[in-house]
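Please go over the structures that come below.
Each of the next two complexes has chain A plus one more chain, namely chain B in the first and chain C in the second.
And now, the complex of A and B:
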């Protein structure tokens, strides 16, 4: 976070952010369940200018076989960015960043999925970042949860995700790319709203203990907004009346 | 024999029986491509992009433009590179890891079609001769598989390139420096269109879907340019073609290619 001397106005005197949002307002979010023909479950999310496609396969045979577990199914996650998804063309080979994000997303989903009914199998989650604009891991996690539900994988709860952070000495919801580059802190949060459990938590930046508490609370508030949209996406696919009773 | 092979064998006899009656498994005429849906500029962060559905095969192409060093023997020409990747979410049989021979062939055939048509005028992509040139990277990903990736990838690349805006660089202190607000259209001339045909038994079908792809004996991909010239070809599969069949395929590629070229043009014009 070296951009503290940036000349960009992240927050104006009326409390309006550089992209016109209020401090507690997320970007425009659109989630669609399904959409891929071959995948067992899929989802597409537009989170601000992020565009992410997720496909889920399984439970299915594990290759290579030595990865399989006789007690439970395993979850595998691949987070991958297309070469054209970012400003400068990205080398298509997986980077260390992508490998780490794959791991934290997997560990954010593991508490939700119930795989012990499918020993010796794998559930594969493929996340493709078509366009990135800050906060891809949260958007990807939210879409991956919807795709897992769409695949019919038993789950204890949905995993919702949203980032909170600090820019211009203020705690803000859903950090965008500019705020991530020039701001003071970025804290992505994954959260199961019904079980009230945080399953993904990262932070880079400096926060006082009070700010830390406020930041987590703000992030969870964002997760609850995302959760409603995740439910809506599944209802739109699976109920003809869009889930209205 | 795996379960999939048994299904393929049953499907193949059904496909052949239908072809004897002049019909295809999805009801198309033998020389009829599937419905082509094009979303132009699907990735605004790229310099040009397109999301293309050919039947239920779906591809996304993004074009990135950046200054690069020229190849040592081509200091007066820019760089054009086209890649294709089969994403693991596109089909259950696709695995992560380095691409296999099929995907490498796919990327090379799509690249060759665009390159050999001279659609992108690389001689206009020079910032300073022998020092700095413009690199054009067209990266294609396959998102959903339903056969005939060659054409779906080729159309995505072509439409993305037709809609690409090129930034301008000038040499300042031996470094290519971006000139703000000086974007122009990527210099393109002809519109290459690939048409892939499969031979199943003694029948030639245009734009084979996944079932036909799994049942075919051989295939040929022919790329034509706007003048109706044939600019690139690739034969594949375990059987051969007779001379008559290849000539027929050449004629089909010009005829079907002309229809598809109109669709690609309309998608481009509709977006501007």
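And now, the complex of A and C:
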């Protein structure tokens, strides 16, 4: 990875980005449902060079007990980066950034999950970033949603996620690490494709109202691409041999 | 594949129109949306999705297999493979003249014992109450415990019990299936026991395959006999 290169060309005259993509092209995405035997549900995602593993436990007993809610189940999310996930060793203790991302992912999943059937229980989502390359929160959110579906937690819809942003005065889809560092804006979006609702929207940078609108539209387009892959991952695990039923 | 049955994931619209949402579906506007990964079934007036994953949720009158984890002076606590522990009051075992001073709970059930029980009551406010005061319920003295996914229990039983009858018939084993995914198999013949266990594992792993009963019969070597 290395430090940021101020002379890097983020977008050339042919509309090709620094990693060879077009402006509305996402990175290579691969999602796999299941894989962890001991977790109730799990998923693995490769989003460009991001590699993320998610495990879901629950519904299960809440510890400490005082956190439990008699009306509904609770959702807990831990986003954690491995020390080897970035260029320079990261201290494994939860940082300010990781605590924040855990919170926004939790809040992005909450509108989708239906936990009122499980009062006094908790659903725990553990997200481990094995390798990071910009846009981990979106990739983690997309994988967490697949892992929750794999665990059989009732959900109103899947949550797909993808970022959009602005670099070299152009709205681009799926911002990578270089574009995030040297670009002008980064907007992660979480989206429920069937209900057509946005569950996560953050913006780092400055956009005009028109650019903002275009950025949201571009991001939602990316989410729909991610959703198709989430669907495929679940179908591969559950319906692979059953097409003849 | 029947066009009334299809594979769905959370968020998929099963159908639209005036249907009653039953299991694992929600009504959103006039769309009926699946909340889980499973197979949808549309009846004349209702829609449901049979889940292919997920934990066991206690329902009243379910037969479950529980494992005693601890006891107080008045009750036992049972692991019923769910997010809630089963609560078995001592009166249920000792009768109405139970006395916390005179009767020792461990004389009837110890930690680690397996029990066939029925869910007597289950609501949102407290842990499920279970009972063993019925025919065929109570402590299980012999047999092997097999754990399968609770969502695959209906497949193991089969239509009107066809699958389980096929396995029992071919191996002479006695099989007790708990709705919570715990199954106890006992058989005098060790070979039959092994075969029955293998058949149950096979159902667990290949639950989504069509004509599974035939495959199980083939494995058990009973094809053509019945």
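The rule we apply is simple: the second predicted complex is superposed on the first by the 235 of 245 C-alpha atoms of A that agree within 3 Å, B and C clash if a C-alpha of one lies under 4 Å from a C-alpha of the other, contacts with A are read in each partner's own complex, and residues count from 1 in each chain.
Everything below uses one rule, namely that a residue touches a chain if its C-beta (ideal position, glycine included) is under 8 Å from a C-beta of that chain, and two chains touch if they have at least 3 such contacts.
What you see is a predicted model; the values in this text were computed from it and never measured.
Undergrad: Using the touch definition from the top, say if A:60 reaches chain B (first), chain C (second), both or neither.
TA: The answer is both, since A:60 touches chain B and chain C.
Undergrad: Who does A:38 touch here: chain B (first), chain C (second), both, or neither?
TA: first
Undergrad: Using the touch definition from the top, say if A:231 reaches chain B (first), chain C (second), both or neither.
TA: second
Undergrad: Check whether A:187 is in contact with chain B, with chain C, with both or with neither, and answer first, second, both or neither.
TA: The answer is neither, since A:187 touches no partner chain.
Undergrad: Take the contacts of chain A with chain B and those with chain C, and give the residues found in both.
TA: Common to the two interfaces on chain A: residues 60.
Undergrad: Any idea which chain B residues touch chain A in the complex?
TA: For this pair, the touching residues of chain B are 42-46, 49, 56, 58, 60-64, 66, 83, 85, 87-92, 95-96, 137, 139, 141, 143-146.
Undergrad: Going by the contact rule at the top, pick out the chain C residues touching chain A in the complex.
TA: Residues of chain C touching chain A: 1, 5, 7, 9-13, 24, 26, 28, 33, 35-37, 39, 51-55, 57, 83-84, 124-125, 151, 206, 208-210.
Undergrad: List the residues on chain A that touch chain B in their complex, please.
TA: Going by the criterion above, the answer is residues 36-39, 42, 49, 51, 53-55, 57, 60, 63, 78, 80, 82-89, 92, 124, 126, 128, 130-133.
Undergrad: Give every residue of chain A touching chain C within the complex, in rising order.
TA: Result: residues 40-41, 58-61, 70, 112, 114, 117-121, 149-158, 192-195, 231, 234-235, 238-239, 241-245 of chain A touch chain C.
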